[in-house]
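Please find the structures below.
Two complexes, one shared chain (chain A), two partners (chain B, chain C).
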Partner chain A sequence: MKKYTHNEITILQYIFLIVGTQMGVGFLSLPRVVAEKGGTDGWMGIIIGWILSVASSIIMVKTAKKFPNDTLYDLLIRFFGKILGKVAIFIILGYTLSFSLIIFINTFLYIKAWFLPNTPDYLIVMLFSIPVLFIVRNGLRVIGRYNELIFYMTMWLPVVLLFPLKDGSFLNLLPLFKVGWKSISATLPPVIYSFLGFELVFFFYPFLKKKQYAIHGIIIANTLSMFFYLFVTISCFVFFSPDSITDFNQPVLSMLKVIEFPFIERLDVVILNILILFSSRSWILYMYCTVFSFSQLMNKQDHSLYVPVLLGLLVIGTFFVQPTWMQVTTWQKWASNAGIAVAYVFPVFLWIYSWGYEKFSRRRFS
Partner chain B sequence: MSRKIGVCLLILVMILSGCMDATPIEEVSVSLILGLDLDEEDNLLVYMSSPIFSKEAKDKEEVYEVKSYTLRHSREKFDARVIGLTSGSKTQLFLVGKRLLKKKDWFDYLDPFFRDPKNTVTARVVAVDGSVAEVIFNKPADKPRLSLYLTSLIDAAAKRNIVKETTLQDFHSQMEDKGRTAWITQIKKKKRIELTGSALLAQSGQYKITITPEENQLLNILEGKKKGDYSITIPVSMESASKGKPYISFSISDLKVKKKVKFNGRFVFDINVDLQISISEQLFPFDVQKDYAKLEKSITNELENETNQLIQKIQKSQIDPLGLGLYARAYTYQEWKKVEENWGNTLAKSKINIHVKTKIKGIGTSNHQ
Partner chain C sequence: MINLRERGAFHIFFSGLFKRKRYSKYQQTNQNVYSEKLSSIDHFPLYPDLSMNIQVLQQMFHHAPDLVIRHFEFAGKGTKAVLVYVDGLTDKNSISNNVLSALMQSSFDPKKGLPTTVGDVEDVHSWISIEHALFAGDSALFIQGETKAFLLDTKGWPQRAIDDPKLETSLKGAHQGFVETGSQNVAMLRRYIPNRELIIKELTVGVRGKSKVFIVYLGDVASEEVLQELEDRIKQIQMDVIINTGELSELIEDNPYSPFPQFILTERPDAAASQILQGRFAVIVDRSPSVLIAPVTVMSFLQSIDDYSTRWLAASLIRLLRFFAFMITLFLPSTYVAIISYNYEVIPLKLFLSIAESRVVVPFPPIIEALLMEVTIEMMREAGVRLPAPIGQTVGIVGGIVIGQAAVQAGIVSNIMVIIVSATAIGSFIIPSYDMGTAIRMLRFPMMLLAVMFGSTGIMIGAMTLIAHLISLESLGTPYASPLAPFRFADMKDSFIRFPLWKMITRPKSVRTIQSNRQGKPKR
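Up next, the complex of A and B:
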């Protein structure tokens, strides 16, 4: 029985959904973060992170393949029974919710720092809630289309990063392997954080129309993200001297500040506007997964009711708590640890469990 | 119907929201030139020049000097004097007085340029040989506003490679990178404002030496900068040259520079310069078409001579404007790691070999024999 035929997504949408969740605003500071740990060899950490995330993604799709029409909720209930399954889905719900909030607050702090320093927090959040409400309350197909559209709209972004490179020097990257593997592997936690997002494949998989391409799709998505991160990081390493890159909080924006065209002097501000669209994909998807899990937990088919409630809580929340940069950085560290658990440890565990479950249940039936 | 009204309302809301908090340009004081200097008692002086957009004002520019502790601190003082709110987002030039340049670590003052996202980082950093006040209070009658005049003066000169144009962002890299030192434009107010070449600074930001426009061209060639035009005039020592005035001028049509580094007890740099030139002036009788090899050799010798003198001057001051340290780091990392904190001193003890290869590509439309 197919539960989700009315909301099927194409393979392209599936790829862009995963890419969209992976790319938030994290890439703006990624070059600095990896440079702090691994110097100019930090970019190698991105390739290692990519291998890890592809490996974990394949395991996830393999697990999901066994029960192609199960959402994560159905899967967990099937595996662990009603009570344990619900507890597990509750934890996942908390995870997606906190990710959605952290990415959202992070974007919102950028907006506040760069162009709306005097506007009260809750007003900005309210402004954002309206379009988000219209997108999230629809099904995955609409969100998939939104992601696809934004992907095409922002494809030119990497091209802009080529302009400042004429002032850079590729000598900055040499010699390779100057810090040793220990420092390179120290870059992994932030890199893993920027690859997070593929774990939502459990949510997307049941909606995918052509399930035979699921593994190809997720590998393509991870690779697209990897190329983007690698491109951004290496551009920054070439442009900034290795001794000064750690002085800039968001090297990517500082690099964009240098670009001047005769008709526009501050391209960074324009690009930051586009980044709102860019990172909105990420928090919209986490938010969708949150309300989707919640509606399943409540045994309701329609999740759209919970979206205004969640957004309303968010507006009220920011009215009382005004988050700061330092707080968000700490939250990010926690989220990063939780992400390693959910995106790397949990799938492996689930895969092994599903394997045992299959054997056990087959024996029972035969 | 109601949908149409809704769309109209939405458009109105979107457009009109911009009118709430508009800032007319007449009410902003855009600091196009900022200056930093020290007075006789070593107090920090901050200068600002901003354009006036008013039909009634006779002068089209307001210039102020205030005493302050830091750059940001000076803003309140400017706000108490200028016509509108001071804004640093359009700064074109950043002038630094000689007195301040001779101090160490004055770079720390520039922090707000990199911290506040509203400020620009593309302002040109310019050393003033003398005090900033001499330059910034100057109002040449036959020139446009000082900020426009100085900007186009520097841009044009940098195109001819006679000064080095360094933006604040470049300057930040030059200062922070351990493998190179800063290299910035220098101006001086004589009778009029004049570009006097480039100032070379030490790792601490302290002023070391000035190089002339001619030396700046040579240093640009050694750096391998292809952009812009070179017009180089040098004396040649040849038999036939003594019959006339011994000068030859040429432009560079193609330039290839390869730098190599090796370490045998000390750093040894090899800079190979491959030049293709076209002669633009020759004041002595000489048949270039027949004896071009002789002339090429003579030019090569003279260029090697002059660049060697320049390099010696640089090594003596323990600075590295060429960024040879970057090559040392990239190719001899183990040795570099030991000396990176003291690179200027190490470079002074290194050997730098310059090999020039000249090829005459064009001789113009006459052949003076």
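Up next, the complex of A and C:
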């Protein structure tokens, strides 16, 4: 039985969905965070993080492959029964919701700090909700198209980072392995946080049209993100001196500030606006997954009703509570830990469980 | 494979139907009264007695001074007969030469058929078909002793000669435009595609004035699914009468609340034929000179048929220019407002100084200045459209003086604003489709409001909302933003850049054609 035939996504859309979820606003501060732990060898952490995330993604796809038409909800109900499954899906729902909120608020704080310091919070959130409402209520196919389009529209972003490199020095990167493996592995938590997003493959998989390419797709997606992060980090390391990079909160933005064209003096302002487009993919997807799981919990086929409710709650929430940078940083730390649990521990557990489940049920039926 | 019966399409389609449902009650009563009257006429049979038939006719067509009832006798046995036609809808030459003179010089024999030289002759047995035929320009012949009437094809209503299309002027293409007669429009398409796979489906729309609607497509190319959807929607229309194709397009479009046109209306047969060859459908509405093309993508509105007969490099450059003009019209005034009121650090200092210099005497904030000028130019354009040409020029001159000189000298607006308004206006003229031009002209006002409230972030959010709307929009169930999202590389050959014709061997994928190769051969 195929429930989701009307919302199928192509393999390219599947890749861009995963890439879109992985790239939020985290890359702006990633070079600094990595440099704090591992110095200029920090970029190696990104490669290790990539290996881990690819491994975990493959395990996820392998698990999902056993029940190709099940969403995460169906899968959990099948494995753990009605009550435990619903509890599990409720936890996942909380996880996606908090991720969506954290990325959303992060973007919102950037915009507020840079452009609209005097506008009330709830007005900005209301403004942001308009496009989100238009996209999220439409289902995965339209979100897939959105991700695809934004990917092509923002492909030129890394090219811009090449401009300041003429003032940089590649000697900054040498010598390699000067801090030792311990420091390099200390960079893993923030790196893993930037790779988070592939765990949503459980949500995308049943919609994928050509399921035989699912593993190829997820590896390509992770690799694209890895190259992007690696490129951003290394270009920052080359541009800033090894000691001063930790002084900048968002080294990427500081680096962009240097670029000047005859017709645009401050490219960072333009890029920060494009960042809304860039990071919107991530929070829109997490929000979709939240609303989708919620509608399944409620046994409704149509998720579009809950989108305005959720956004309305968000606007009302920001009317009373004004989030700050400090709060978001704290939340991010919790979310990062939860992310390790959901994206690395949970899939392995689920894979082993599914293996046992298959054996057990086969014995029972034969 | 994208399914038409997807929930999204359904949802949009039914929200589209909603608008029709509100009016349907009113139409329902109207239709009932009318159909009761019709059925009461239909109760009468066709009598063998001529005078009885004339009585029924006179009862049917009361207050119709243009109805001509001509009594005459056949030669030979002298059988009595009556010829009925509507004066003005018929061709007088044909009636007197081919019908009356032919009939009166020969005798009538029921076994042999009518001795007339008219092409199309039909026997009918009901009054309703007689009524329809009379109003379509046929003449009806009643003969003493016959319980049927003969319909003779003598159509010849007043019509315009075929001339240059008015709205879409042609540079290199044909100089024939569609006219108000459906059958002639069909013939014009046949001239371009003389192929037996060119299929013409006839439907009737409207309760009171039955408009003939023809769906024209290539039978071995166009998608069956899309045709079904199009036919269903046309059949569901409940209206008194369809006057113009524009009305039909509003009644069958996927999302009537969208600012964007979802079908192309063209008055050029070469453009329509080219679209049919790409696998699309042309819908001809009798009495309307514009033809509807469906399904389309947002890119189709930036293409012109002349692109294909211009050299491909030049055509590509013009395509890019159109796209640029599209962006300019949509975003330039709002960007100006955002930069002047919020993000002045983005532009270089020297440019900022020259803007500041010209703005220093202006007493209004940028948004008032922009709105003032944009509304003025919209008013001038609207005034110029409907005025006869000599007066229209006056509007242009007056407007030029007001906008170009007086307003700046009086210190109401700045020079920079004048440049921006003119660039916007010219940009919107570059869009080949009038409907698309109107859509983006309208959309730049909300963009300006967003810009004044939230600066560049507002513009970004506005653009995001537009993207979100465009990618969820559908035209007859096919994705509207097609070559971009979902991305289709093969279709990109005919979008921003027009590839050389020999490279464009496939038909657009968004139309979901059965036969994907343009030459009618399978792909190598």
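Note that in this section the second predicted complex is superposed on the first by the 366 of 366 C-alpha atoms of A that agree within 3 Å, B and C clash if a C-alpha of one lies under 4 Å from a C-alpha of the other, contacts with A are read in each partner's own complex, and residues count from 1 in each chain.
In this section, a residue touches a chain if its C-beta (ideal position, glycine included) is under 8 Å from a C-beta of that chain, and two chains touch if they have at least 3 such contacts.
Keep in mind it's a predicted model, so treat the numbers as computed, not measured.
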- [ ] Look at where chain B and chain C land on chain A after superposing the complexes, then choose clash or fit.
- [x] clash
Open item on the list: Taking the superposition on A as described, I'd like to know which of chain B and chain C A:192 touches: first, second, both or neither.
Closed with: neither
Task: Partner contacting more residues of chain A (chain B vs chain C) - done: C
Open item on the list: A:241 in the overlay: touching chain B, chain C, both, or neither? Say first, second, both or neither.
Closed with: first
TODO: In the overlay, answer first, second, both or neither for which of chain B and chain C A:266 touches.
DONE: both
Open item on the list: Contact-wise, after the overlay, does A:116 reach chain B, chain C, both or neither (first, second, both, neither)?
Closed with: second
- [ ] Pick one for A:302: touches chain B only (first), chain C only (second), both, or neither.
- [x] second
Open item on the list: Just checking: does A:131 make contact with chain B only, chain C only, both, or neither of them? Give me first, second, both or neither.
Closed with: second
TODO: Mind working out whether A:258 is in touch with chain B, chain C, both or neither, as first, second, both or neither?
DONE: first
TODO: Tell me which region of chain C runs into chain B after superposition, given the options 167-175, 419-427 or 437-445.
DONE: 437-445
TODO: Determine where on chain A the residues touched by chain B overlap those touched by chain C, and list them.
DONE: 265-266
TODO: Show which residues of chain B lie in contact with chain A when the two form their complex.
DONE: 89-90, 114, 117, 120-122, 167, 169-170, 172-173, 176-180, 323, 326-327, 329-331, 333
TODO: Spell out the residues on chain A that touch chain B in their complex, using ranges where they run on.
DONE: 113-114, 167, 169, 171-172, 174-175, 178, 240-244, 247-248, 253-254, 257-258, 260, 265-266, 268
Open item on the list: Which residues of chain A touch chain C once you look at their complex with the stated criterion?
Closed with: 5-8, 10, 12-13, 111, 115-116, 119, 124, 127-128, 130-131, 134-135, 138-139, 141-142, 144-146, 148-150, 152, 262-266, 269-270, 273-274, 276-277, 280, 301-302
Open item on the list: So in the complex, the part of chain C that touches chain A is made up of which residues?
Closed with: 1-3, 5-8, 342-343, 345-349, 351, 450, 454-461, 463-465, 467-469, 471-472, 479, 481, 484-487
